[in-house]
Structure formats: C-alpha cells, structure tokens
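Letters A, B and C mark the chains in the order given here, with residues in each chain numbered from 1 onward.
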C-alpha cells in the first residue's frame, strides 16, 4: 500500500536481524537490486521469519531506489524448511517413512 | 557484438577470481572479471567459512599458514568486517586408532613448522567444548590458530576492493568459450560480448571442464554437492570449528550455527540441499551436541565442491595453450587459503613468479605421475573428509 | 512413505472444499494444516458472510468451516493431519511434513496448494512497539482468544479486513476507532463501512500514519494527509491518542512451496502483488501442481471454496477418475459461479485480473 516518505532512515525494516532502512538503502545503492542480494549484503530476511514481513517492504525500497519496476523484483529463492524446524524434530524420522531415493536427491538443482 | 579488451580476463567471480583480480589491480594491471550469476553466488558464498590449517597436505601447509597471517589484517586491508576469528579447530577421533593417526599427523605438521597443533584427551576436548556429550570421542586434534570467517562478507569485500582499484566486474554473463589464436589465448566469448586479453585465468571451480574440454584439456576434478543447514541465532554453544568423523558445526559471529556433513557423496551440482542428508546431519549433530536439540533450522542449501584427484588444487599455466591459467580443484577448502592463493596467482600472472612456488600444484602433474591421493598423508585426510 | 493420489496443503475453505470434492470422487486425499483446527481464516470470522445465498451468505464464517469439517470426517478417503506443517517440496511428487513431531515424506500424484495469504507489513517509526500488530492478529485475539489488547484503536487500511476487524473490536467493547485510508476512497464494502460509522467511527481517507510513539507501548500516533502518490503533505500532521494500532494494508499469497518448486509468477496488484501463474483449471506452470484460494490471488472465502472444488475436479479428471463430460459440466458450473462472485463494482477488477493471468498461462499450457 503506502510507503510514507518521511526520511526516518533508522526505522527497523527486518525485525529478526534488526536491519534498518538506511542499511538497506545503502545496499541498494551499492548494487543490491534483488531481494536475494539485499539479504546477502545486509542479512535482512535471513532471520527466523525468513523475510515474511520485510520482503514486501524491501521490494518497495528496491523499486524506489533502483531503476527496477515492481514486476522486475521477485521474491528471494525459497530454501527449505519454510518454517523453523527444531533440529531434534528434523532428526526424528524413520528411514522408510522419510528418506527418498538417492536419484531423487541428485535431481534437485 | 560488444568488444572489450583487458590485460587479464578472469572467468568466475568466486573468492579465487576476486582475490586474484584484487592482487593484479594492486599492480596496476587492467582486469575484467566475468561472472555467470553474481559475485559469490556459488562455493564462495555458500561455504561454512572454516579457516583451517591442521590436516593440510605437506605442499599446502605453508600456504594455509601464510593465509592465516593475511587473514589477521584482512579487514583493515579491504575495509570490511570479515568476522574472522581464531576460534580454534577441533577434530574428534572416534577410536584409539584414529587418535593415533591424529598424533602422527600432528607430529608431521609440527615438524613442518606448525607449532599450534596438539592432540587432546577426551577430557581436554570437553574443556574446549563443554557442550560435547561425554563418550563421543577418544580425544581429538586441536589447532589454536584455526578459525572461521564470513564467506559472503569476505568475497564481496575482495570484489569491492578490486572494483575500487579499477577492476571491471561483469555479472550475469556466462562465458561460452575460450578463443584461441593458434596456440595462444586470444580472449573469451560470452553471448554477444567478446573480451580480448593477454592472459586468461579460469576460476570457475566445478564448472572448469565446461571451458577446458573444448580445448582438449581435461582437468581431473569431480564436481560434488555439499550442503549446510543453519539455525536461528543462538547463545554461544560451541566456540571452535568442530569436526567429527561424520558431521561438523561452527557457530558464526552472529550466533547462527552452521551444520554440515563431512563426507558428501552427491556427485551432482545444485544449490538446494539433499533432504536425506539434512535429516541425517540433524540426527547426527545432536548426538554430539545435545544442547542443539531445540535450536530451529531456518534454511538448508547446497554448494559445489571441485574434488581433485589428489585432493590438492590445480594452479598455474596450462602447457600447450599460452596465456591460459587455471585455478580449481580446491577440494572443499578453497575459502581458507584464498587470501594467499589469490596473492600467489596474481604474482604468477603479473610478475611471472610467485613468493611460494606453485610447482606442486601444476596441471602437468597428472600426466607425469598419474598423481593421486597420497595414502600416507591422506590416512588422516580420509578421516577428515573431503572438505574443510 | 505415505502414498496418496492427492496432497492438499492448507485446510482453509479452499483446501477443505477441494478435499471433500476429491474424496467423494474416490481419490485418496491427505489434507494437511499447521493449525490445531481446520478452517484457516474462516474460524476467525464470527460475522455473517457476504456473497450470495448459494455461497452461504448470511452464515457465519466459522459455521461454514464446522460444516465442512464434519463432512470431511465422514469421508473415509480423506486423511486430515492437523498441527502438521509441510516444510519442503523435494520435487513435484515428494513433500516433507512434520507430523507428530517427526518428519514424514508424502509421495503424491498431484498437489493442491491452498496455503492462503498473509498480511502485508507497513513500516513507520514505532512499528515495532508493542501494541502495533496486523489486523489479522488483532482479530485472532478478539475472536479466538477473547482478549481485547486495548481501548482506542487506530486501524490503518479500509479494505474489508480493516472494516470488519474494526467492527469486531467495537463489538468486543473497544472504546473508539480511528480508521485511516491512504487512497481517496474506502476500499471495502459499503455495508461494513456503515456498520462502524454507526458506532461513531471516523473514517479518514487520503490519510496515513506517519509514526507511532509511546513509552514501551503505543500511546499516540501522528497522522497526516497524503497526496495521490501517498506522500505526506507537509504541515497536515496531527496527533491522536491511541493504545493500539492495527495494520490492514492488504494480503499477499503465501507461496513458499510454489517458489521452492520454481513455479512461474506474475505481478498482479489487484490480487496482492506477485501471484502464481495458473490456468482456468487452477493448474500452475508445473504439471500436477494446482492452487486454490487466496494463494492464487487474495480474494474471499466464497471464491476460495469454488476454486478448491475446481482444482479438485481438475485433479480427478487428470487422474482419470471421472469422464470428460462430467468434468466439463462441473467445470462450467463452477466457472459460472466464480464469475458471479467476481461481478459488480468490487468483483470486476478481480475478474479482469484473473483473466489476464489465464491469458499468460495459455502460453505454457501449450508447452506441456
């Protein structure tokens, strides 16, 4: 919807990693013109919520501070797990219920 | 068709390509780096950041040690925060027999000048890593000058420093072929871009043979996928880089824990993880570090390893094609030594000689001796896995 | 490994309707939802539904959900896993789920992704203060947990969500609501707007929140007039004492699974921004991966239910569990009902948006 345009550059955009608007704008000015690169430059979106809140705002900022239009700014690549999964849960499985053929794993790109 | 010209073209915007470009730019040489995706998009942005000296093969040890000296002042040099810290590196021995191998290895390393390595008892290991469950090892080898750094910050740091010195980095551009003029390198073609150069360095890791094979050169490397999962930010749990015979973990500067498997056997390339391995590593790591049970995994990914036939990189000229230099085969430990390797390669290209001889890493060794893993020193290498 | 004909991710209205339809046609169905109760957004909806008779208008949202859940329980072909989250697509046929605190892989022939939509955030100084929340979160607190976290509400956004949650806040005993909308007209239905006006609520269009402040929690907000580019008009700021701020800035599809699988997306602002490209049969750019409901573009429960049915029938037909004639006649019926739901001054924009997405899908449908 609306990005209000008062400067307020110290406002936090990524709550999980505590990344400010200013840090994100700097990254964009240094060439980070995708959500993926903003993440890799600043850590915004690297936290527990995986950018569920801040991705949209970062897309808006990229549109505002780079030459890209919104339809050129997709989301970051999604890597599993989509939701935080405890290590003890990830490690709790029975081979026959949870492991797939090695061939299937090799095909994943 | 767009045409450009440079003294040196480097294909591959990983840490090897970027650190070499930086070294060359410091000598005032005009360099163009061409990267298929973006800087650090592959191994250099996906690795665990381990900076390990212990366990290195004899020819590589001096490089790894000198790299540590560079790491110590790298932040100042590049104006970055690489998050480099000397946390130490602990490699567990799961049996008395493994412990003996560690002892043999430590003796060799000490003899070669690495004073900071010693073999610990289980009790001593658990002093260094109190979170380690009792009864999981018979001791381990501990090297105090080892540590870790942030791969993204470091690789971006080299790229930015190179760019500031005038290196042109062309991203999202895949080099399709190497152009020759008779037996000499003339340049490269990348889509409708042609770049002429005097020297061409190919630093594209696992993809090296894509460009070399058409020239009739086959580099003995096997591409392999390795993977990591990362947790949410945690309080300090494990200080050193911890290698066990099956899994490893290291806690980043921010507090996220990286967990990976030691001996990958996915002979494929891909940036997503093998879901079977993610589960196995999760199960394995909490056997060693039970305190990680409740930590949440937030992301898993894969990255390329370029395993060479003798576990050592291939660096330097390619006989028969003048002006062609390769740098690949890092066999899972190219990040740690990159600050020095980039320097050596830039010396080799820019000055025609390097401060440490690259001879042991020459491509020709495979034709001469059918080089393969040296069983004597590798005994430990085998246990330590193919990476780090 | 759990093997089924059809995996449905998300048991909101879209997923519930899809499961019921496919289950009744004889497909083995696994329906998975991360919540303790099925129904998705429906269970928060204590108000009577808008829409037509056929779409249970006048019935309260959670009742619609309860009825569906009862029917599903009676269908032997449907397995329902609650408190279970699908966290990865290994490939188009293998999906990882946490079920009973352990990991299971589902091996399925087809998938319907019905994961709904999530709220868009809005960022302004003070947005991280306790007391600032999404309108959906406020609705959950009031309708499900029966707690009202404050007395004086500032609602940002006048779509149906903003209007309905404001109304529910007042019904729950809230003292006052100020509702601001950056556009120059109210986004949601007139009936909902007049309901809250009757409570004395001030709906201010062409206005937005500039900042929120308070000592450890929300105490006041600075509001300002904005121009047609949503930029603050200097000098129009004023302060309001509020103790809770809810953001209803719209929803966007929750597409994690589809992004991981590598579906194609297109930018479609009327449906929430990036949406998965899909055809009239609800199939995405990937063979066998279907979508339904808000994940295909944020709309309403009524359209979600119809899309769920449609997707289920497409899967049923693709698995050769019904005749072409049967499928075509059902498809035409559902399509007609969807068109009826997407008519009128509010619906037409969504219909046009959907049509433009189907048009893009035509290109890849031929390739398959």
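Things to note:
Convention: contacts are C-beta pairs under 8 Å (C-beta built on N, C-alpha and C of every residue); 3 or more make two chains touch, one makes a residue touch a chain.
This structure is a prediction, so every number in the text was calculated from the model and none was measured.
A complete topology is adopted by the chain contact network, contact being made between every pair of chains.
The chain pair with more C-beta contacts between its two chains, of B-C and A-C, is A-C.
Once the centre of each chain is set as its mean CA position, chain A and chain B turn out to be 26 Å apart.
Measuring from the averaged C-alpha position of chain B to that of chain C gives a distance of 45 Å.
For the pair chain A and chain C, the distance between mean C-alpha positions equals 21 Å.
Touching two or more other chains at once are residues 77, 79-81, 85, 90, 92-93, 98-100, 105, 107-108 of chain A.
Among the residues of chain B, those in touch with two or more other chains are 272, 275, 279. Residue positions 88, 90, 96, 103, 105, 260 of chain C each touch two or more of the other chains.
The touching residues of chain A, when paired with chain C in their complex, are 1-6, 8, 11-13, 15, 21, 52-54, 56-57, 70-71, 74-75, 77-83, 85, 89-90, 92-94, 96-100, 104-105, 107-108. Residues of chain A touching chain B in their complex: 30, 37, 40-41, 43, 46-48, 50, 77, 79-81, 84-88, 90-93, 98-100, 102, 105-109. Contacts from chain B toward chain A in the complex involve residues 38, 40, 45, 152, 156, 160, 229, 231-233, 254, 259, 266-280, 282-286, 292-302.
Touching chain A in their complex are the following residues of chain C: 1-2, 34, 85-91, 94, 96, 98, 101-105, 118, 120-125, 127-128, 157, 182, 208-211, 224, 226, 230-232, 249-250, 252, 255-257, 259-260, 265-267, 273-274.
Against chain B, the residues of chain C that register as touching in their complex are 88, 90, 96, 103, 105, 260.
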